[in-house]
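Below is one structure. I have some questions about it.
Note that the chains take the letters A, B, C and D in the order they are written out, and that residue 1 is the start of every chain.
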Amino acid sequence: MEEPALTATAQIQVRFSEVDSMRIVWHGEYVRYFEDGREAFGRKYAGLGYLDIYEAGYTAPIVDLKLHYLRPLALNETAIIEVRYLRDEAAKLRFDYIVRRDKDGEIAALGSSVQVFVDEKGDLSLNTPQFYETWKERWLTK
Amino acid sequence: MEEPALTATAQIQVRFSEVDSMRIVWHGEYVRYFEDGREAFGRKYAGLGYLDIYEAGYTAPIVDLKLHYLRPLALNETAIIEVRYLRDEAAKLRFDYIVRRDKDGEIAALGSSVQVFVDEKGDLSLNTPQFYETWKERWLTK
Amino acid sequence: MEEPALTATAQIQVRFSEVDSMRIVWHGEYVRYFEDGREAFGRKYAGLGYLDIYEAGYTAPIVDLKLHYLRPLALNETAIIEVRYLRDEAAKLRFDYIVRRDKDGEIAALGSSVQVFVDEKGDLSLNTPQFYETWKERWLTK
Amino acid sequence: MEEPALTATAQIQVRFSEVDSMRIVWHGEYVRYFEDGREAFGRKYAGLGYLDIYEAGYTAPIVDLKLHYLRPLALNETAIIEVRYLRDEAAKLRFDYIVRRDKDGEIAALGSSVQVFVDEKGDLSLNTPQFYETWKERWLTK
């Protein structure tokens, strides 16, 4: 039986400075939107925010990022970023993302990210860090 | 016999504002670096810059973007963005990217992008726009 | 007797991508925070948002911007941007700004901006545009 | 007799992502342009770059920033940022800036910045740090 997915949502309102000369959100801004989603996830499922990771002696740099754009977002529109945690036995953090326009629920963009753990010496962590094991025990169904 | 690839390069120097609290370039900044590469390509192979496309009555929004990060870039480091045009029979623009650290030639990041053509009415162009056909005839080996 | 000031507030939460290698918000990000404040003002006192101005046939570019930094903002902190409209008989939009840390109410930054009106031909509007006169009549005490 | 001013220049080319929906450089991007100018200054007059300051055990946060906009910059235009060091007996770094359009030499923007020195404990340095005294002795006329 599949475990229920861990998800969180963040809401953004398109800023003037995010809009390009085509009068739509510049495609690079979605990288920030995904980050807003991840931070919302880290607050909801305590222990996976940037500061939690940092305090445990690690950083979690992005190593893979994919974005797929379906519909534009315009100035002042609001959008919902839904972020979903994807289970991975390796020492990696995987999320995928859906950005929906608030006005009609249509998908503006999809994406995914993979993060690894790097310790204070700058070395890639091949084993799951202890803080992440603890987090998994707390939040994931056995 | 395979035709030689069309490539162009741009050089960037990492700015203070691009560096995050891990003291490396924030992963979202590479979206701008890729854009620098595409603009260099558009200048070298005249007729594919943002303004050329716009003057022909089109925009070319990004619909797919992939980034793969291998090594960090630090403050004041310079990097070379190599952009390569990928032939596609469909009405699409495909590029891939290599970002190399200038100091040792090591690859910092790889990526790819796909753009489509949208006309002035906002409709997706299923056929190759005339200006792009002309560009292909000029720059691509038959 | 002095008329009561028109003010609006916006709340922001510091994003990872806004923080620099000193682990505080990069000073340039406050320009966006001020913009968030102005947009909140435009929503509260209907008719002065970027889109309202645009639909009236104008743009309102910033011609002066001042920022004064007092205390840093760190990752995940929230801040309140208070924006205040300053009356000016000339065809100008003047605002000043206070950015307060939510946790202690201390001022993180102060600032001010001046905007002019430019018409569709790109000419500076020396007289107050009609839409702005209308806005003043609605919102300002005689 | 007045000493000759210490100045440096940086060149930028307007990027697509820097342009707003008015098809001109978004006003907040000039904060980055000024930073490009300061970094060029730090390279020319060795010892005042961000990393030099950091290695001396200090950071130099901006406490005041003023921007005055005169003419727009459009996509693909190049501009020259001229940065000038202003002597100050206090423990402060003062610069002013001129951003000129390359095509006609006209001034796009002017500005100024003030930085203070903060030591590793986070305290404001009221006295001129030793590394800055050394820098002054090297580069400023007695």
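Basically, a residue touches a chain if its C-beta (ideal position, glycine included) is under 8 Å from a C-beta of that chain, and two chains touch if they have at least 3 such contacts.
Quick caveat, the model's predicted, so the values are computed rather than measured.
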Which of B-C and B-D has more C-beta pairs touching across its chains | B-D
Max Cα-centre separation from chain B goes to chain C
Averaging C-alpha coordinates per chain, one finds the centres of chain B and chain D separated by a number of Å equal to 30
Find the geometric centre of each of chain B and chain C from their Cα atoms only, then give the gap between the two centres in Å, rounded to an integer.
-> 35
What are the residues of chain D that contact at least two other chains?
-> 16-17, 28, 31-32, 35, 75
Note which residues of chain B are touching chain D in the complex, please.
-> 13, 15-17, 31-32, 35-36, 39, 49-51, 75-76
Could you pull out which chain A residues touch chain D in their complex?
-> 16-17, 19-21, 23, 26, 28, 75
Any idea which chain D residues touch chain C in the complex?
-> 22, 24, 27-28, 31-32, 35, 59, 61-70, 72
